[in-house]
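Order as written gives the chain letters A, B and C; numbering starts at 1 within each chain.
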Amino acid sequence: MLEGFLNAITYQSVAAEIGGVIIGIIFGAIPGLTATLGIALFVPVTFLMSPEHGMIMLGGIYSGGIFGGSISAILINIPGTPASIVTSWEGHAMARAGKAPFALALAAVSSGIGGILAAIAVLFLTPILSSFALSFGSPEYCALLIFSFTIVIVMLETPLASNLFGCFVGLLIVTIGIDPVIGTPRFTFGVVELYSGFNLVAVLIGFFCMSQAVVLALNSLKPDKGGEIIFDGKRPYGELLRVVPTRIFTYLRSAVTGVFLGILPALGPVETPFISYALEKRFNKRNEKFGKGSISGLIASETSISANVGGSLIPLISLGIPGSGAAAVFIGALTLHGLQPGPMLFANQPTLIYSFFWGFLILNIFMLFFGVFAARYCAFVLKIPKFVLATFVAVFSILGTFAIQNNMFDVFVMLGATAFALWFQALRISLLPVVMAVILGPLFEQQIAVLNTSYSSVGEVLQRPVAVVFLAVSVLMLGFRLVRGTSRRGMPEQTEV
Amino acid sequence: MFVFRLVSFLLIAAFALVLGEQAMGISGMASTYPLTLVTVVLAGTLYMIATAVAQRREPTVLTGDVSHLVAATGPERLRLFAFVILWVAYPWLLGLLGFIVTTTLAIAVSLYMLGQKRILLALACAAAFSVVFAVLFMTVFYVPVPAGVLDDWLTSFIFRLQS
Amino acid sequence: MTFKSVAVTGAAVLFTIASAVGASAADKPANYPTRPINLVVPYPAGGGVDLTARTLAAQLERTTGLQFRVENRAGGGSTIGNSYVAKQAKADGYTVGVLANPTMAISVVQGRAPFVKGDLEPLAGITFAPAIWLSGTKSKIAGKSFKEVIAYAKEHPGELKVGVIPNGAFDIATRILEKQLGVKFTIVPFQGGKPAAVALLGGNVDIAANYYDEVAQFIDAGQMKLLAVADNTPLSQVPDAPTMKDLGVKIPSGTWGADRLVAVSPKVPAEIKAYLASIINDTLKEEETREAFEKVGIELIPLTAEEEQARYNASFEAVSEYFQNAAH
């Protein structure tokens, strides 16, 4: 382990760490170009490097990309990567209140802390956590997914019925594609491109990036009153020092949530912040105004994302099992370097793995400092005229979507998703339950199929305590919301997202 | 607004019905999950329609981005409309004209329409962007964007430089 | 050592080799290639076929000094990429598919692909990995041999859970096994080999089907036991694992597994096809290529264009025969 640490602080490693983070931030900050795409495009470049430096650089691109997504989320309300959707709600609200430098610095610090906590978990707890990941069977997955849907549905202030409706419409839409039981396509109307369903990233780019390009275009034609973001010129250090120590429990909660979801091979950085944010909103005792620039909300989102990225390294390295599209590319890159992730890699190449883990920890520290001291300069983005932003957000949304699978059909899916997002907003149905359903729906049905074939009775499922706890909590939350919802009927509705 | 909501929910119901009809054709256990969803969504649309009918006299307050978009009038609305059409047409045109030409034109037109009045400047910026990205896609990132005559020529040119 | 430096030294070495064996290779067509040649992979980056293509591209660059690029055209469960190579792409020799059977054959036979068998012409076979069955250490059949497992399954019909990918080679091989040996498993559908392997490690299924390359580490670490091979030739890595021939199960050879092949549209000009086939086959025969594939965990089993054409045809026949029988 010590040797790994020494490897991670050589000048080549440090160059890989800094270089990776900076490339990642640039990639992530451009709406439409995702962190996953960044990794995929840079895999060939790492062949020119030694395995550990290549891995560290890819790790840096990934972490930096996810933080970079938060920069555009905060400054222009466009999540640069799908992981920063949640960050955009709180972060952009803070920026509108004139606190953009603080929001950027807080996002960086939270992201860094989440990554560091996760790296510590990865360094010391990998064997325990990977065996825990294996114990998660289909009953646990189904229960966890029901819990995730429920917590998002009850978190929103919009009417419960419309939240549920949105969730089920989303679930129905993603049944288009492969049938997980028979293995043949269904509901595709003969369209070959639909055989594996809608591409999730394309849908999310449509929901959150392209729709904002349209809004930006309008703002450039007709300046939005009060929509200009002005900096107060204050440096954020004092407020950071004051705020961060008081939110220890938020950090711990979010980091644990992030690592926990990260070690499960099926849940990646896109879905994690939703769950972490909803949990924070449910259990935060501070009575903060969520959705209006809440500090805890931003921390919960950012910390959980980078904790998730760190946590996903555990099944990735120790079992060779990817937790997300980015992780799958990672495994391919490792294999091309002649290192097949799996139990033997740990046994045969411990130094290399520990170099990578330490490198991951160090690059998170770099990211933290970059965010605190340099992210303010990203404010130049706000100086770019709106018409330029609108044009290039549109270009990058389209080209970024195309590059996911080199497929023009995905671009039309993305444009369709843009229309869908605006349509649902006009119907005053919150898009969030739809998003959750679209992200998690396929996994949910797959796990139900596995559950259905491998368990013959409900009694067998009830013997799995973890599953029972998740289900019970979901039922309780829904019950509370029903009771509270009826007692508060007549309150003004507010559409949050 | 009431009509809009009604038509929307009817569309969703129709979508559910079409999937439901197809799901009937799936044999055995595999049809249970989609059929359950279809049923719930149909019940949901009924409920949503009922709510819409009950609220039809109340004024609807739109919030968020949509309210801005709907509030656009006159030349703004026209330009916004053109912006949307332009970028929907862009992926189609890519296949016909190739990356460099289409991207240059689309960016230049978009910039001009939204505010940049100096068309030559807009064209120059757009062309520079397109060529830089075309070269990046060809040499570093290997993104196979649709190629036209100009793109093919550039590819061969770069290849000749390299070898 | 980097790929670039390998490519440079390799190109120099090749130059001498090429001039020595030049007589056997097909002649380089005039004015081809004038730009990089694309190896199209119908799967996303990071998977087995992608790895195969990237390794092949690096080796081809080493032996020919030309530029080869891997282009992932994923989506539609490989149908998009397959039909791109077969139909949409210009048949100019710059689009070469690195494809996988029987997945492609299944989609064509089931009428889900917008092209037919004759729209692709194999140039070479890269590897064939048969499906294998594995048992986990947490299962009640842990440590048992394949025959003992079958005996157990006969006594307890439906009790053993087998994790497969529905409508794929693992699924079909398992169903052939059930039919011929008269046993009944509970077949659990997973969306990929990895999730099924996780379920096996976690004790949520008793048996999982997979490819040897993908799970070799777990077998070496003692976390999975190799039960049997769904083919008639023994695995070179584990020659004593029972094959279907050993067990008296009738199964077509070289079908139910992963056949990774190089193919182009038959409309590509003949001299370009011949040239591509010769450079690919020459490269695959080299010892250095074999080592490069071994490094990424792929056992190279090269086939010439004619041999691969035979396996390609056999695969399509076996798949249509299976589905005809399954329909009755």
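The working rule: a contact is a pair of C-beta atoms (placed from the backbone, for glycine too) under 8 Å apart; a residue touches a chain by one contact, two chains touch by 3 or more.
Small disclaimer: the values here were computed from a predicted structure and weren't measured.
K.L.:
Draw the chains as points, connect those that touch, then say whether the picture is a line, ring, star, complete or other.
P.N.:
complete
K.L.:
Suppose every chain is reduced to the average of its Cα atoms; which one is closest to the average of all protein Cα atoms?
P.N.:
Chain nearest the overall C-alpha centroid, as shown: A.
K.L.:
How many angstrom lie between the CA centroids of chain B and chain C, rounded to a whole number?
P.N.:
About 37 Å separates the centre of chain B from that of chain C.
K.L.:
As a quick test, compute the distance in whole Å between the mean CA positions of chain A and chain C.
P.N.:
Chain centres of chain A and chain C, defined by C-alpha means, are spaced 33 Å apart.
K.L.:
Using mean CA coordinates as chain centres, what's the chain A-chain B distance in Å?
P.N.:
Each chain's C-alpha centroid was found; their separation is 23 Å.
K.L.:
Touching at least two other chains at once: which residues of chain B meet that condition?
P.N.:
Chain B, residues with two or more chain partners: 142, 144.
K.L.:
Going through chain A residue by residue, note those that touch at least 2 other chains and give them in order.
P.N.:
Residues 179, 181-182, 406, 449, 453.
K.L.:
Multi-chain contacts only, two chains or more: what residues does chain C have there?
P.N.:
71, 73
K.L.:
For chain A, which residues are in contact with chain B within the complex?
P.N.:
My answer: residues 41, 44-45, 161-162, 164-165, 168-169, 171-172, 175-176, 179, 181-182, 186-187, 210-215, 217-222, 224, 385-388, 390-392, 394-395, 398-399, 402-403, 406, 408, 411-412, 415, 422-423, 425-428, 445, 448-449, 452-453, 494-495, 497.
K.L.:
Within the complex, which stretch of chain C touches chain B?
P.N.:
33-36, 38, 67, 69-71, 73
K.L.:
In their complex, what parts of chain C are in touch with chain A?
P.N.:
Touching chain A: residues 2-4, 44-47, 50-51, 54-55, 58, 71-77, 79-80, 83, 110, 112-114, 161, 165-168, 171, 186-191, 194-195, 197-199, 201-202, 204-205, 216-218, 220-221, 223, 295-297 of chain C.
K.L.:
Across the complex, what residues on chain B touch chain A?
P.N.:
4-5, 8, 12, 15-16, 19, 22-23, 26-30, 33-34, 37-38, 40-41, 44-45, 47-48, 51, 60, 62-66, 68-70, 72, 76, 79-80, 83-84, 87-88, 90-91, 94-95, 103, 106-107, 110-111, 114-116, 129, 133, 140-146
K.L.:
Give the list of chain B residues in touch with chain C in this complex.
P.N.:
Within the complex, chain B touches chain C at residues 142, 144, 152, 155-156, 159-160, 162.
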